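The following block contains the structure, expressed as structure tokens.
Chain nomenclature is as follows: A, B, C, D, E and F, assigned in order of appearance, with residue numbering initiated at 1 for each chain independently.
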Amino acid sequence: MLINLLKPGDAVLGFFLLKSMECKTSSNNKKYLDLTLADKTGEINGKLWDCTEEDETGFHEHILVKVKGLIGEWQNRLQLKIEKIRPAGPQDEVSMEDFIPTAPESSEQMYGVVLRYVEEIKNKDIQKIVSRIIAEKKDRLLFYPAAKQNHHAVKAGLLYHIKTMLVVAEKLSTVYPWINRDLLYGGIILHDMGKIDEMAAGEIGLIVDYTVEGQLLGHIVQGIKEIDQIAKEEGVDEEVSLLLQHMLLSHHYEPEFGSPKRPMIPEAELLHYIDMIDARMFDMKNALENTTQGQFSERVWVLHNRKLYKTSFHPPEGGDFEHAERRG
Amino acid sequence: MLINLLKPGDAVLGFFLLKSMECKTSSNNKKYLDLTLADKTGEINGKLWDCTEEDETGFHEHILVKVKGLIGEWQNRLQLKIEKIRPAGPQDEVSMEDFIPTAPESSEQMYGVVLRYVEEIKNKDIQKIVSRIIAEKKDRLLFYPAAKQNHHAVKAGLLYHIKTMLVVAEKLSTVYPWINRDLLYGGIILHDMGKIDEMAAGEIGLIVDYTVEGQLLGHIVQGIKEIDQIAKEEGVDEEVSLLLQHMLLSHHYEPEFGSPKRPMIPEAELLHYIDMIDARMFDMKNALENTTQGQFSERVWVLHNRKLYKTSFHPPEGGDFEHAERRG
Amino acid sequence: MLINLLKPGDAVLGFFLLKSMECKTSSNNKKYLDLTLADKTGEINGKLWDCTEEDETGFHEHILVKVKGLIGEWQNRLQLKIEKIRPAGPQDEVSMEDFIPTAPESSEQMYGVVLRYVEEIKNKDIQKIVSRIIAEKKDRLLFYPAAKQNHHAVKAGLLYHIKTMLVVAEKLSTVYPWINRDLLYGGIILHDMGKIDEMAAGEIGLIVDYTVEGQLLGHIVQGIKEIDQIAKEEGVDEEVSLLLQHMLLSHHYEPEFGSPKRPMIPEAELLHYIDMIDARMFDMKNALENTTQGQFSERVWVLHNRKLYKTSFHPPEGGDFEHAERRG
Amino acid sequence: MLINLLKPGDAVLGFFLLKSMECKTSSNNKKYLDLTLADKTGEINGKLWDCTEEDETGFHEHILVKVKGLIGEWQNRLQLKIEKIRPAGPQDEVSMEDFIPTAPESSEQMYGVVLRYVEEIKNKDIQKIVSRIIAEKKDRLLFYPAAKQNHHAVKAGLLYHIKTMLVVAEKLSTVYPWINRDLLYGGIILHDMGKIDEMAAGEIGLIVDYTVEGQLLGHIVQGIKEIDQIAKEEGVDEEVSLLLQHMLLSHHYEPEFGSPKRPMIPEAELLHYIDMIDARMFDMKNALENTTQGQFSERVWVLHNRKLYKTSFHPPEGGDFEHAERRG
Amino acid sequence: MLINLLKPGDAVLGFFLLKSMECKTSSNNKKYLDLTLADKTGEINGKLWDCTEEDETGFHEHILVKVKGLIGEWQNRLQLKIEKIRPAGPQDEVSMEDFIPTAPESSEQMYGVVLRYVEEIKNKDIQKIVSRIIAEKKDRLLFYPAAKQNHHAVKAGLLYHIKTMLVVAEKLSTVYPWINRDLLYGGIILHDMGKIDEMAAGEIGLIVDYTVEGQLLGHIVQGIKEIDQIAKEEGVDEEVSLLLQHMLLSHHYEPEFGSPKRPMIPEAELLHYIDMIDARMFDMKNALENTTQGQFSERVWVLHNRKLYKTSFHPPEGGDFEHAERRG
Amino acid sequence: MLINLLKPGDAVLGFFLLKSMECKTSSNNKKYLDLTLADKTGEINGKLWDCTEEDETGFHEHILVKVKGLIGEWQNRLQLKIEKIRPAGPQDEVSMEDFIPTAPESSEQMYGVVLRYVEEIKNKDIQKIVSRIIAEKKDRLLFYPAAKQNHHAVKAGLLYHIKTMLVVAEKLSTVYPWINRDLLYGGIILHDMGKIDEMAAGEIGLIVDYTVEGQLLGHIVQGIKEIDQIAKEEGVDEEVSLLLQHMLLSHHYEPEFGSPKRPMIPEAELLHYIDMIDARMFDMKNALENTTQGQFSERVWVLHNRKLYKTSFHPPEGGDFEHAERRG
């Protein structure tokens, strides 16, 4: 009974994550609960009509609930008309983590992969800075998403993004061997680290809000300051520190996307493109998973509001688009 | 005596490619020859003052010449004051190809690599289209540059660009295995093929001019029409043909760069980014080869007029930036 | 009882085109039908409250219905509260074509006009291409609109647009007699022909959707390919074919509107401006027909969201703005 | 010996308009005269080397001179090396007007055509305003160009532009008969009238400079103020005056081209497009007259820096592109 | 019981301005009144469910009403569920002006301040123009807002804006004493005067609509014409009149904001920046008054959709942010 | 014999700053020196023809020289043909500082004014940060210009800019008393402080070049890092430090001018506008000082390439535009 498989007329009986909840008054002046229910595959709006006072107070966000109801349609979107709803309890033997969209690999495993890349960095100054930052932020890296809504907005999405980019970087540096791999690895690991301070996330891996500092400065400047300070504390070479800061500063590439300087070293240029590729592949895979072969997807906001087309002959042979590398 | 090593005061005696030539009248009303001389490493302006009628008629573009002269400076640019100049002859035992900037691998070898990728394409329709086009254009592919002035504007630059992109694509498709490799390989091989009809190049691998069709339609539309026609002749699946055409149409990504449609399949998205990466790495490597460590390069027009910085600790260790993968 | 004359409080009894229909659930959880009803003069939203199962299944889109109801207002827009509704039958003696917004001249007559212009083309190559394409597409030309929502989105709107543009072209070519009339006529007839393959329209002359090819390539590229192929089949002069293709490619004028090349021949420049004039005059006439003298219209989306002003002294004398040239 | 026919090596002996003149010092520190010579077909740069004091003082701008010299080339442009030069005198029987690029019809005749259109205006208020303004400005209208450098920058070019636009308007209003012809004619006649106060022109029909008011306000605002004042003096209907002012204000269409408001009546919309068409046809005809069939022109600055293509089969039949409608 | 202090659950009993009113039909097909109620501190939406015919006809806009009801929430916005409502009468002893957002100083007093600045103008021509215009427009100046929705959209907001700008100008001209104070004062007083003719406002100081002339020409052109005419009537120096007109024309600075010319005198440059500062300070103060210390405001549309941050240590010491200079 | 008073034909005998110097070869192949000579009022190009080897080696940049020569014109610009030139020596009793464009007040005096503003800051945290930074940078503040070419590119121009902005801020804060003066003063003093590390200037107050860090990060990020570090060292309140950093980050206002965030507090908004006003007044005063009354200036690059108009009645009365507040 996965959300992305529901269709009008389905009867529903199962568990969901109660992602958000609001008590509202209908236009005929009756109270009802307006809910967002989620599982790993998506979200659906639910209505509990004519709700009682206990209904109002018996639930709160970010718990699991058991729901019985019927799927209808309202303004072209599915809606779950709830008949019964109760909080899940221990007897239900359901686990939160089965309901949260999560990176397809385990956090500890991905963290280990990143550590191995750090070990491969030959420049000791870069290694010092990177090692210290990922150690200090390890706790949060293990569950932080990479964004509130865009690409990699899943639990441990930031770590998954970093890890995948490192793999890409390793491969590209065999094609362009004159590239400084140390800078590239360092820049990739650090490029979005400021997001951990820019946004506040709960442990279930969803961004709750932006921090005050995040709004006033943004993760690029926050990340630069962190590198600067650690570099000074560690006494590393000034040029090295400067170049890593420049990579952060320029990785959005265009002023209107937050980078006042464009890349001035090839490693910064590559960082930008690897970041773009990994973000786009994540979002496109997502969009296509919910699309029928030979059809166009809905418009996807983060992809310049494009529709995507899913070829009718996809995947090439025996491959498995839906499950390949997903939730490993 | 390579051009990129010359400095004011140097006496010059050696062979050059006479790239362009014009007879002019100075402001004190004397005739002189204004020449562009080139070798593999760059170009220099030359002046033959007070030239005679034989001087005017004794040379033409695209031959090798032997020159004696002195390096001076004029408005911050080097200039060669020519004392003696004559066409090179058989006795000089110099070969044109030693003077033309050329891709770092042999054309036949690169063509062979591309063929191997074509063999790996499992979709027979894609393979048919691609095979036929690279066979038909083989003659010109072996020497065509990829542009008049931008990236890969060297002999066989187009082939080198395609071949490198294919290597990158193969590597990326191991990171994103759900991608349709057949489409990606096909799109890469075909994406700039229209340039062969858009521009006219001499066999020494320099673009002479744009064709009438090239100016009125551009290589994207030219390439699309070619795929369309061959697909019809070969009777291939319509969707396959359409998707390859879409990849051509969208690979510049933005309308103002010539793509009226943005990519609607992930393979088209990847094609765009692989194209960008390979072009940028080529241009940046070029710019940095002529830059001192710890210094900024000149502004580079094709890189949004940026200066590039060459790190003082480049390359990491024992690597060889200057010669790695250069002129094979 | 024309739709554009309805006002709140009116009782309605008559026939309408059922343009679209959806069964919805209200916020107090009852089913109702949400309908779009249309006649030649416009559209109105209708609600059938508390609908039964027969109501749900007894209707479908694109039929004529008889409706009894009352006009109300909802969020500043008129709404028809339906009391009774039934499909029209033969006994009603109403005809679909009386309810569809249609070009003001008969299709066959307009097609005849276009044919006469084709005969005036002296260049045999242009004539061959144009003749064949309008012959092959005649069936659809007779009812296709020129757009889904913008200008000339009426039955046979594309043909009406072409025909009017030809008349304008003929007149302008007497002012600028050095213009090549053959190219201009040819370009006009072909300029939007790709739309017939870009969009799918039902025979009642309304666009149902974009085709897959239409979305991946767009009507400009589709039209170019068609000319290219037919030109090759007919063995026409290459330059002629190329110029017609260039006219298609450049007729949107700006890259961001879909033209990667700007016009490079005066006939292409004229084609663009004639296209603009005819589209704008159509849209402005429409907007002003529903506006009171001395007042501004609503904002019109397709006219850069402008309001139009209807002068209080319009038309000059005894002219008849409302009916001039309307529905012939 | 027309300027547009000269080529390197030609010996020159003939009369020219001395359009501008400057005494300069060469880099070897000798004085020379730097001249711009013109006839109806174009301009050429001339040098009088080693000039004497009499040379310096014996000439001034805007006279005719007789010149003997030789055509050379300097930085890809033709240059006339002057051997002898003297002012033309009565005995030479040459007339200034044979040397100035001029509209192809006589001013008085064009003025008469405009008057006839004014008579056709049925709205007496519009007629009053227009009549008075063209009467008051008649003297200057007879020789003013429409611009300093762009389209219609020839003697009486403004009048020629107005007259041609009126002819186009008349023809278009038969295709769109619901258009208010009075407003359209009025708007066309007045649309650029402010240019007469924005720029100062000598009687030979060349703009000398912008006026202070022209620079601080621009011809659009200047024209609006003139209409406003005359309308008040003549006591015409306020709406009429307002609409004419709006047509002036909006006729450049885009804010960045000087129109803070977009057209809000169809007559203003048409005015804009008729203005564009006439300007573009003028500039394109000019550019193509100097281009070989089957070739591209130079880049033309006022046409977005485009090259134009002259078809190899132009004109259609027996037409005469070069001379059609040129210089009456 | 000020509107900006209301929260869900509050019982309401008091007087409000009935700003707008509409009779609607709910989705369960019952009539209700949809009202906007206002006081000096803000606006709230109100609903009178199941309204009778007397309810429909017993009220009209822009009167005071007494209301009893309950505050609820609907889609994250407060909503007043009305139980009783009646028009206020004389016995209620409430005064309209206590309910309208108004400039913080008395109109007569502000008008007096402006007059004193006019007296300080030493250039008699500028003084003549300014004196006459503010005298002629005095009636409306005393209550006109400066905008429909943006900055200073309060009763007498235009006068308050002018007066504050004059104070700023006086202070800046002591820092830049070479500035021509006369022009600056004149430009400030006149810069938005055309708004009085561009928009129609009721005496309670709210813009009702744009005038026809306002929409066709805009306040900048309207203001220029007024200066031009008065200057001619008063026989003032032409340059003076021209410079004031130029200041109006250029004070929006960018073409896309309505200024076809950028400032060409320093006084026009200053006028623009003083205008910006005063508008922004007004809007920001407003936004922050409703924000908690240490928090961000809602997004503010007129401030490029920014959120503002209210510092936790604001104001510095003993200052009184909330009431400083507010409603004097 | 000030440079801005020279005209063609003048004989020159006097001292100048030798700002830059280059040895070149003329087109007739002779050596000459190409010099830029400057005094406080401007710059002029000079040529020493047929220079000897001693000429080449006898001078270097940034010394004073005595020159005899004649003013000519070359391509509409003045040029000084040098007859004699020698370095100035002690016997000449000329002082470097008389030849360098310098702020109109003494550095020590301006520094004192800034200190007094620092004392007025009541927030001890802001005071601590500001005090320490201006103390640490005092040496360079006393002579640094604010830019390489734009506004305040004079000796001690940065200090003059800060000081003037503080005066403006003080005055504005009496008009908008709810503004936090401490933040505003702090933000002004710090806003461009990063420029001292972004650019390298010699003690004569001219920028020599950009530093590596300046190019890779820019003065905004450099300044933020400095505040961040000092704030941590001084243990100041985090919000205070953050707000000052935000003011730096946002003071260019638009992403394309280097500010990834727009101002979110009114003090940051004011900082931006005060910065703009002071820069523009400086540049406009400069441009007008060299312009005749009643005329337009040359186009000024830093003012969007505008021409400025100098009124014919400037200054109002007895004021002294040329010397007011200039060079104290």
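Throughout what follows, a residue touches a chain if its C-beta (ideal position, glycine included) is under 8 Å from a C-beta of that chain, and two chains touch if they have at least 3 such contacts.
The chain list, named the UniProt way, goes like this: A, B, C, D, E, F = CMP-binding protein.
Since the model is a prediction, treat every value here as computed from it, not as a measurement.
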{"item": "Path length in steps (a step moves to a chain that is touched) from chain C to chain F", "value": "2"}
{"item": "Least step count from chain B to chain F, where 1 means the two chains touch", "value": "1"}
{"item": "Candidate from C-E, A-B or D-E with the same interface as B-F, over half of contact pairs in common", "value": "C-E"}
{"item": "Of C-D and B-C, whichever chain pair has more C-beta contact pairs", "value": "C-D"}
{"item": "Superposition of chain B upon chain E: rotation angle, C-alpha, nearest 5 degrees", "value": "180"}
{"item": "Averaged-CA centre spacing for the pair chain D and chain B, given as whole angstrom", "value": "44"}
{"item": "Centre distance in Å when chain A and chain D are each reduced to the mean of their C-alpha atoms", "value": "61"}
{"item": "In chain E, residues with contacts to at least two other chains", "value": "27-28, 212, 215-216, 239, 243, 264, 294, 296, 307, 309"}
{"item": "Arrangement of touching chains [line / ring / star / complete / other]", "value": "other"}
{"item": "Chain-to-chain touches, reported pairwise for every pair that qualifies", "value": "A-B, A-C, A-E, A-F, B-C, B-D, B-F, C-D, C-E, D-E, D-F, E-F"}
{"item": "Complex interface listing, chain D residues touching chain F", "value": "24-25, 27-29, 212, 215-216"}
{"item": "Residues of chain D that touch chain C when the two form their complex", "value": "122-123, 164, 167-168, 171-172, 174-183, 237, 239-240, 243, 262-266, 269-270, 273, 276-277, 280-281, 284-285, 288, 294, 296, 304, 306-309, 311-317, 319-321, 324-325"}
{"item": "Footprint of chain F on chain A - complex, ascending", "value": "212-213, 215-218, 220-221, 224-225, 228-229, 232, 239, 242-243, 245-246, 249, 255-261, 264"}
{"item": "Residues of chain B touching chain F in the complex", "value": "26-28, 49, 72-75, 81, 294, 296, 307, 309"}
